[in-house]
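Naming follows writing order (A, B, C and D), and every chain is counted from residue 1.
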Amino acid sequence: MSSVYGKNIKVSIFGQSHSAGIGVVIDGIPAGEKFDEEKIRKFCARRAPGSNSLGTPRKEADEFEVLSGVTNSKFCGAPFAAVIKNTNVKPGDYSEFSDKPRPGHADYTANIKYNGASDFSGGGHFSGRLTAPLCIAGSVFAGLLEEKGIYIGSHHEKIGGVSDKRFDPAKVTKADFDSLYRGELTVIDKAQHDKMADVIKACAADGDSVGGVIECAVTGLPAGIGEPMFDGLENRIAQAVFAVPGVKGIEFGAGFAAAEMRGSENNDPFIIEDSKIKTQTNNHGGILGGISSGMPLIFRAAMKPTPSIFKEQKTVSISKNEQCTLSIKGRHDPCIAVRALACIESAAAIAVYDALLDYYKTNR
Amino acid sequence: MSSVYGKNIKVSIFGQSHSAGIGVVIDGIPAGEKFDEEKIRKFCARRAPGSNSLGTPRKEADEFEVLSGVTNSKFCGAPFAAVIKNTNVKPGDYSEFSDKPRPGHADYTANIKYNGASDFSGGGHFSGRLTAPLCIAGSVFAGLLEEKGIYIGSHHEKIGGVSDKRFDPAKVTKADFDSLYRGELTVIDKAQHDKMADVIKACAADGDSVGGVIECAVTGLPAGIGEPMFDGLENRIAQAVFAVPGVKGIEFGAGFAAAEMRGSENNDPFIIEDSKIKTQTNNHGGILGGISSGMPLIFRAAMKPTPSIFKEQKTVSISKNEQCTLSIKGRHDPCIAVRALACIESAAAIAVYDALLDYYKTNR
Amino acid sequence: MSSVYGKNIKVSIFGQSHSAGIGVVIDGIPAGEKFDEEKIRKFCARRAPGSNSLGTPRKEADEFEVLSGVTNSKFCGAPFAAVIKNTNVKPGDYSEFSDKPRPGHADYTANIKYNGASDFSGGGHFSGRLTAPLCIAGSVFAGLLEEKGIYIGSHHEKIGGVSDKRFDPAKVTKADFDSLYRGELTVIDKAQHDKMADVIKACAADGDSVGGVIECAVTGLPAGIGEPMFDGLENRIAQAVFAVPGVKGIEFGAGFAAAEMRGSENNDPFIIEDSKIKTQTNNHGGILGGISSGMPLIFRAAMKPTPSIFKEQKTVSISKNEQCTLSIKGRHDPCIAVRALACIESAAAIAVYDALLDYYKTNR
Amino acid sequence: MSSVYGKNIKVSIFGQSHSAGIGVVIDGIPAGEKFDEEKIRKFCARRAPGSNSLGTPRKEADEFEVLSGVTNSKFCGAPFAAVIKNTNVKPGDYSEFSDKPRPGHADYTANIKYNGASDFSGGGHFSGRLTAPLCIAGSVFAGLLEEKGIYIGSHHEKIGGVSDKRFDPAKVTKADFDSLYRGELTVIDKAQHDKMADVIKACAADGDSVGGVIECAVTGLPAGIGEPMFDGLENRIAQAVFAVPGVKGIEFGAGFAAAEMRGSENNDPFIIEDSKIKTQTNNHGGILGGISSGMPLIFRAAMKPTPSIFKEQKTVSISKNEQCTLSIKGRHDPCIAVRALACIESAAAIAVYDALLDYYKTNR
């Protein structure tokens, strides 16, 4: 049941990198909500390969077909199902990895878990390609959230050693999302864009790759969303965000920096502004006790460097039980963080919407 | 359903800080497994208040009573239920916080979420006291894991600005847990112990508090545990760990540092050692594609400083809609990370055991 | 996870017949709802042993203690936990059944399932006693439903071969529940009461037992509650009702009789009455496509005769692998249907409330 | 989340009668199990319209395409997804039912639930057509069960007033399934076949329809499968079987007849036969305390007559709030029980397999 997310909604993602198709089934979208296919396509295009000079030259149109759940341009209450057919498939590239697992990939762990029966082609079920249906789901829920005045935005907070500015945690609004500089990377501080891009190009030139950090904010979220203990906003968002391949860490608000702070620094004083209760600072990242405070929700996700690099690497031959080397060929992004913004936002949208439904159950 | 964890096991935690009792119900423990009450008491004692000079002087024996699930010192298949009666309760300390929310606490968010009906006494449902039943559950599952040769250990990797050594990610074993220096804090490098303790004492002397980072390792976990996408080990552990009050970040393996690495640095080469497949380094923290690799599972959780500090703080009066100040009295730990090791280990034990059962379903 | 029910609420029941205590934890009760302890006690008293001359002479006060979830006589958002201590325990009665399973009981199946580690005393986890916490949960949810004008009632539709009248499926209201004849049994047609009681007494005199059918109605349920496919009202109610020990069948509306009807008989014509859309008849039992129609919800549950009879029975000795006989002693109801009305209503209340929350999620 | 079934497996069904496609996603199939496409097609053909002279003349090939989850003719661990494109669609037939709900159908209840946004064409999400993906899932799990020696069979126990013999509950084996007479209906007693068929033909000639009862048996199921309380075999099977449109009742073993029995009749004595523990009779239908006893699992499902009949019926116009009449045209089965055997078997297969995985978790 690893590919189903949600307590109130159910998002079921299926597919392998090179299977006949990949897709998503979503149960629990309120009937009567508008289905805006064009908006979904635009959202998903941000993730699609081939659209970014810093990414893989592999082109995947990622054209999805809606199979069910929509009538007269509205969600109709039946589960929403959308499928992307896999067309640009090169299965030949991956045959050796079932025996010689690629470092940093799931080849070895999947091999053990699935008793040798897993699909290695293109990374199979573990491929970043599975984030395409995640983004379909994410854009659906992001759209539903927007109708409630809740917006999600993200930027490349770090690529390798180059850092962007951060969102102002206590002030960030949708306007800040609209004014992001959207080049090959998406940044607040345009001056960092080319430095980041240069890092990626340098890595690519070396047949190497590099990691990054994505900062994501959710604005307009009312106070009271999320549950204590296991279903808090942090728990839910973390569960969803770690579904994006390559994420190795997440922090909310001040995050790891809070560990070095004193309470008098980290505590965010409550204030009244425009007759509303807010906090003066936002080290809590909009979440206290698992529940939204009405302040912007802020988190950062650390993404490791693309494991597929073109440098020769050390690995083993499982069949021969001996050491060997491996040279990966093919078309791989030098930095998976580049195209991952839409994926991280999708994870956040799905998690926040699911939490919102919990709120609806008990607050009428 | 915020207080129920697990897909295969169900851990239901209940109670408020000052309600008649707190406790836990666990469904899904295999019948016939030994129930070692003494071991559970020892585990839970690590978390109990009053036992550590760096913690609150408040004493809570945390004596639990087993109501069901055990027959003849064995788990019998029926749900295991254990209750801790609340005896050392001082409800008077908290009355004003329903109107004047404490910065950094869930007073305000709970008030909104529960429409003013929540129990503020002692932090109610949001109290760190609820980690006592979490530790009962954690020790049960840690015990079941130990019988399979899987061990969990943790230490204070950072308190304020003072850092301990880290576990050697590629080599850590149970022996390293056994040789931890266990004073008021638990560290690898005894030389850091007093420095950390001094930081905490200094904060306490100022009526202030401080945060910390806990590093946790799981050794002996075979390869193949965990699921791709939403139920990977990272997703599951994160969902559980964020249930511990005060956790604001989690990272696996190299974590946020991986974001600054190149792939050629971060990728862990596969090697053969003693005829077994391992990785030479362990930046992946024992998890690839959400699935255990057989290497030690390593994660770090960032804990914020205790929000209850004795310095005067700025807050608002909800009823008067005006700014005011607040002085918190009572008995509070100056550093919640001090007693949190058992909680973090518990979250890990529950999550890992739940994942192990997924493995059992499909691998026989 | 066998003892946890609900998609939106979570009802966790624990305990064995003779463990230190039994109880229930409920997560998901809306904060601010009134907690009416007296009403719950009255509801549960209908099920309690010792109160009915047709039942066991065993007396169990079934006094529960609330451990958490309530503040100032209101549900406070934290999980509600209630415990009944087991006091009137006679463990000696059951020792032989681990080797000589009682026909019709779960002794044998539990023995296999739990590898010999299950608690046989008093039927352990399989005891009808576990319906006491079910009734606590049921009365909580029945109370929440009543505040919305939704009422649940039931009667003994059949005991052995004696039949009561049935509810008028198209007309039944709360007033019909209020006018039920409540003697040792609960019936519509008082004339059948003594005939039914005589059947039970005759069986008891023979050291035998007898089965029965309980008819249950839910009135005031608005149209639109329930989900298609797996989470329809029929699915949910059935899942809950089969948790009551001894239930072997359930039917909704015309039920099995519909199988012998023609469509023109079974279809319920839509009509307008007092400007509202209703159906003229109610063979559909208030459910179409899994969703409530606004007509009374009607179902019947068949309960087998109490398996514990005092006649000598044929069984086997597992240890000796040979045929033997068994004579059950102790205090057993001659008809479990007698005290089961509150249990069946509880199952219905829990299931309907859980479905109602699904409705709230998507209809605001 | 109405269209997702399972605690260990996750079966997600999607589609409307006339949407672009319908299908199923299954998570949790053990990797390495053989994928036998031909067997699945044969199983599904039993349900497909157009193949039976007693059914609708509408032909639907129900050709499914596998999108994911299979590699080299084996399940590969990734979710299995299969899609049936809808080709033989006549949307014009249903337009008026959004205003004039068909008696016995979900038109009215879906209209309320989905705020007028539901898809009425062909019954939308409530169409019997959605049992096609249910049968794909069912045949997958029936295949996995067969490899463990567990077989599922069913027959038409009743059509209108004509009854077939029943399976011998204590003796039925796979051989009895193989020797069923499979004509237009499937019966034990060939002599009843034509009488049943005549009832259906007579109804069809009248523009009417008729109901039936399906008896289903599961043989070879070892003792110990199923959980007490809410996840017993009865609970799980009932939850699945009520997903088949038209089912209004279910009973296990003696079922409703047990309500009229004495305990001494209904209790099944344990015996030793071929050194194995069995019961002499099987009124318990192979389930005691929710757990399999090792005896054949037996249940019967009551199906109402097809609600779509060609006789003029009374209904209302929602828009005009007035009484009116309705004449349904189109292609409808006069008896939905005819083609439902594969659906009921599928529900049983899914439920039993899910329960089996619970057993695997705790018994190794």
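Heads up, the rule we're going with is that a contact is a pair of C-beta atoms (placed from the backbone, for glycine too) under 8 Å apart; a residue touches a chain by one contact, two chains touch by 3 or more.
Every value quoted in this text rests on a predicted model; they were computed, and no experiment measured them.
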Pair with more cross-chain C-beta pairs in contact, given C-D and B-C:
C-D
Centroid comparison with subunit A (C-alpha atoms), farthest chain
C
On a C-alpha centroid basis, what's the spacing between subunit B and subunit D, in Å?
46
Distance from the mean Cα position of subunit D to that of subunit C, given in whole angstrom
26
So, what's the distance in Å between the C-alpha centres of subunit C and subunit B?
39
Where subunit D touches two or more other chains at once, by residue number
1-4, 7-8, 13, 28, 31, 78, 110, 113, 115, 125, 228, 363
Given the complex with subunit B, which residues does subunit D contribute to the contact?
7-8, 28, 30-31, 78, 228, 357, 360-364
In the complex formed with subunit C, which residues of subunit D make contact?
1-5, 7, 13, 101, 103-106, 108-110, 112-113, 115, 125-126, 130, 158, 160-161, 203, 206, 208-213, 223-232, 234-236, 238-240, 242-243, 245, 247-256, 258-272, 275, 277, 279-280, 283-285, 287-294, 302-309, 311, 313-316, 318, 321-323, 337, 358-359, 363
Inside the complex, what are the residues of subunit C that reach subunit B?
1-4, 6, 8-10, 12-16, 19-23, 25, 27-28, 31-32, 65-72, 74-81, 83, 110, 113-119, 121, 124-125
